[in-house]
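Below are two complexes that have chain A in common, paired first with chain B and then with chain C.
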Partner chain A sequence: MLFMSSRCCSSIRPRLITMAFIIAMLAAEAVQAYTVYVSSEKDNTITVIDGESLKVLQKVAVGERPRGIALSKDGKILYVCTSDADHIEVLDLETLKVTHVLPSGPDPELLVLGPEGKYLYAANEDDNMVTVVDVEKRQKVIEIQVGVEPEGMGISPDGKWLVNTSETTNMAHFINLETLKVEDNVLVDQRPRVAQFSNDGKQVWVSSEIGGTVSVIDSATRKIIKKIGFEIPGIHKESIQPVGIQLSRDGTKAFIALGPAARVAVVDTAKLEVEKYLLVGQRVWNLAFSPDEKRIFTTNGVSNDVSVIDVERLKVKKSIQVGRLPWGVVVRP
Partner chain B sequence: MIDSMKKRGFVVSLVCGCTLALTLQAGESPRQPNPDWPCEQVLVAEVPAAVVWAGPSIKGMEQAWEQDREVESLVRHITSPDYDVDAADGEIAAFSSKQQAAEKDQRLTLLFAGVIQSLNERRRKELDGIIRYAQGQSARANRLSEELDEMVRLQDDPSQAARERLALMQQEMEIKQRMFDERESFIQHLCTRPRVIEERLGILARTIAYYLD
Partner chain C sequence: MPSLEPDDKKKRFHRFPVILFALLGGLLLHGAASAAAALNIQIALLSMEEERHIPLSLLEPVIDDTGQMGAEQGIRDNNTTGQFTGQSFTLVATKIDSDASPLEAFVKLHEQGVRLFLVNLPADRLIEIADLPQAKESLLFNIAARDDELRTRLCRPNLLHTIPSRAMLADALAQYLTWKRWNEWFLVIGRHPQDKAYAEALKRAAKRFGHKIVETREWTFVPGARRTDSGHTREQEEVNAFTQVGDYDILIVADERDEFGEFLNYRSYLPRPVGGSHGLSPAAWSAVHEQWGATQFQRRFHEKNGRWMSDRDYSAWLAVRTIGEAATRTASDRAEQLKRYISSEDFNLAAFKGRPVTYRDWNGQLRQPLLLTSPRLMISVSPQKGFLHQHTTLDTLGFDRAESRCKKQQPG
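And now, the complex of A and B:
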């Protein structure tokens, strides 16, 4: 009996350990589970991708020409700029249904949500305004006059400053969100597209699509610290068009989408120099980190796919086909 | 009404860039946008191989692919505008399987050289066509603007002849304005055409690259 018992337990113990290990792994995977949402301006859809399996789960129909997208703070809602419908659609991420629309002004392209989660800021390219929308009251609060063809928008981590770029005047406008006034204008290179604050709020990175540079601006002095240029063997300068920018949480790396060059530049933020170029899909436009920052997802407007970059190895892991003309991308933890 | 039309005509002429006609030059300065280019996308004269191809270099193969009858024939076939690119995988696989191991990568690279050259050529024609179309629109905007100037002058002329001329011009202007707007909206469609070729190039490049060792 004792012998039997001993045999019994010695054979079960390794199995128990294995099971405990599997359960722990599953728990770890469950913690890291996340979902990727991609807007496709030609198909009028949001593609839903499982972040772990990298499989497309669903394509959800939304209004005409969806471009900029943003997640609510609780991750339950996706705000979608439906540019040709001239409004922002509110997509419930549990039901995947559009519950209502928000006013945005004409042709909204890009939007950001304030850190408090209450106000949305949308750039209206056609009438040179930034529209501020109260998402709870579902109404427009104010319109702020900015430069010609407003485009990119970055909000400071403390929610006090909004930086908006204007394509035609080639400026980054610093808007004080308490007074809602433009307090400073920084001249950058031609056709600025995206503005992104560093996580400590000390820098603003602005990409210039035609200029082919990214200006790193000191948030306090409003001076340009450095303009980062890009050179890729075999690719003409005209094809190198910086657009999307993502900065890692620890502030050590920046990833910059270079449009028709089909490359993502990896920048060492201490040296402000490019350390590597990664070949992704054609006309790479916007980027988003996974919650653990182990992956970056890029939207590629010509090849109609999303490239998945392994951030640790700095290699492109996979391409996922999505709707036509993928534009915006966000990741929901 | 005349004022608003005039203003619009003026705006359109500005947008179209009523400047000296320029044709697309391969060597033009990359950071000086062509003022006649009407599309939202920045003008890129040619798609470089490095954008879609990480395989062996195609340098020196610019003419060689045309001298290889089999490659030339396959290039013409798979780059024709009505070719269904979904069928490309089967045809490229068949081409690849016929090659001797030592030559396979070289001939696949030759195939890619032909594909990118042919599609870039077609794309360039599309770009030139779009620019010519935009220049035509720009010239039309100028003519409309001049006619609107004349209509403004006629408004201040009390004579019977002036009133009759103004009435006729207003009638014609409505038609011209409508035609102008229709042509203007067509530009957006034209601007999507280079992208379609780029998409096709990407698919073919990736399919060929798949069969490289």
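And now, the complex of A and C:
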């Protein structure tokens, strides 16, 4: 190989080594192509970011107050809760045009797509309902009555359970999607925001924004295994407000966005203990993994940016300016 | 995947009405969140007829049920949680005539077995009730009296305050004015004792946060009827003459009964902003507040009552939610047990203010962020950035532990 050549003169060698180093770095940094979409509550836009260059490609105008976003299973469509427009907008990701809207009930905030890709579940904060929408027929299928101010929604990997949190009732409601009955209610700390199943479906993680904890619930027994608390030197407990949760595919790590504390907590899922806090932008709420799970993207509402976390090194790599008040984030492979 | 074919799913959804009923039944059966057996918790609201307040502005409604509507919203919220935990909450609202004795009303409610009370009365009546032997084993929430003395001197172990004190409001305003560096105040004080009390709180706040009251005047005009034709010509002249004083940064008005404060803005001799009871106003709650999920809360209230929530409504809601939260977590309705939980480290409540609210263990005051409002939009929220405290920055508002004679006590 070229740079192994013994004939190479000493003056050229350092340059070659440098080049080799750069090539090696590039290979290490090479990531599969993907795109990041971020909703901006204040600007009424979706910011499109290239996952490789981490450059903003475009800002797409959508309806009033876009918050929760979800990707279709084939990755061709982005569903956007435009809360003040009282519906869900369907954004074609090829043309970046809103093709149609779906009924959602009033003030939809957060939505999840069932694993079959056919049903969207949207939380309606105003009327204590979870609305189920058939995305193909473009119709509301049913409304399920839940607690006061429903918000977080997690669907089990097998699609059998929907866990919905209600902010004023302080509960995680386990809704059986076959019978559509609420089968269990687990009391968690104040103002639960996000519910997220582990990839094996055995646990549900629920963040309590005002309580300042994340409850890890056993999906089978519906008992809380542990409430994870957070402590950051120099930051008052009241400012530590967990919201977004992402669990790695291999089940070893959880990343939890801590709102005004401007930190993402990295949790060892075996011990259920925080191993590190990463400094990100201000008022961090939601997060999303890249497809290879080498990076995490966070939405920082007050600093109007997205932080990019290197998952292997557990370092914050970059921040990207996006539209004002970034809220939701998804990554399309 | 639930192995459901689309057809199967369709069938399911057609059973919608049946399912919904089954669902509600199921909620009661599966109330697994708490081990509590079915428990009905009675909460009394004790109010009395007050002098009818007609706001200076036609845009503001005459409210004669302040406090009660907030308490009712709290009961509704508690009962939604209650359907999952097997607890139900009932409000016993009692409003007595202005010449009747609230003590008798209290004793009567106590005889009926009520131990949890929202007291919607002035400070002197509140203390009389708190000192009754029957009140010893009860838990009282002050939702109306802002008097600082209740937080510094007239300490009662069976009493909690959800309404902010005047000192808290004044400090909230003063912190913001420090940030603005509007340090020279022109203080205008109304003719009632509560206006003087508010002025005292403002003076204390000015001293605490490095402001100077450069001018003070008392507004002594007796108000006539609220609505008159051509009234504005008089106000234009009066205020212009009244405010001819040396220079200042902001006019701070203490007019809790809303008799003249509204007249000052745009009519002062110097072109200066107005704050205090009018203009830039510190408040526990306001129709203009829509952050931290407050929008839904506001809409729920407005839809039901056709008006916006007052400070007293919000304070009543806070009291009912405090009871609800304590009852859910302790599975109890006993006043002593609830008080113990409420005073413990474990208690905190989400209150649409962006951070948990808790009670001060020395004087039972609910610590909370306060809003700085203008008539149409929110201006800021205090505590302001940079005002630090060794325990919680919320304790930079009002009387801190060392400034109060009240000491931590267990209910007697």
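Simple rule for what comes next: the second predicted complex is superposed on the first by the 302 of 333 C-alpha atoms of A that agree within 3 Å, B and C clash if a C-alpha of one lies under 4 Å from a C-alpha of the other, contacts with A are read in each partner's own complex, and residues count from 1 in each chain.
To be clear about the criterion, contacts are C-beta pairs under 8 Å (C-beta built on N, C-alpha and C of every residue); 3 or more make two chains touch, one makes a residue touch a chain.
Keep in mind that what you see is a predicted model, and the values were worked out from it rather than measured.
Per the definitions stated earlier, placing chain B and chain C onto a shared chain A by superposition produces a clash between them.
When the shared chain is aligned, chain B comes close enough to touch A:A261, but chain C does not.
Contact with chain B, but none with chain C, is seen for A:V302 once the two complexes are overlaid on the shared chain. Touching more residues of chain A than its counterpart among chain B and chain C is C. In the superposition on chain A, contact of A:E183 is made with chain C only, not with chain B. Residue contacts after overlaying the shared chain place A:I210 against chain B and chain C alike.
By the document's definition of touching, both partners, chain B and chain C, reach A:E238. Contacts of A:R191 after superposition: both chain B and chain C are touched.
Residue contacts after overlaying the shared chain place A:D107 against chain C, while chain B stays out of touching range.
When both complexes are aligned on chain A, the segment of chain B among 25-33, 61-69 or 151-159 whose C-alpha atoms clash with chain C is 25-33. Note: residues 190-191, 209-212, 236, 238-239, 241, 260 of chain A belong to the chain B contact set and to the chain C contact set alike, using the contact criterion stated above. Residues 190-191, 209-212, 232-239, 241, 259-262, 279, 281-283, 301-304 of chain A are the ones touching chain B in the complex. Looking at the complex, you find that chain C touches chain A at residues 1-2, 4, 6, 9, 12-13, 16, 19-20, 22-24, 26-27, 30-34, 77, 80-81, 84-85, 293, 295-297, 299-300, 325, 328-329, 348-350, 354-356, 392-394. Per the touch definition, chain A reaches chain C in the complex via residues 107, 115-116, 118-119, 125-126, 128, 132, 141-142, 144-145, 147-149, 158-160, 166-171, 173, 177-187, 189-191, 209-212, 222, 236, 238-239, 241, 260.
Across the interface of their complex, chain A is touched by residues 30-31, 33, 42-52, 54, 195, 198-199, 202-203 of chain B.
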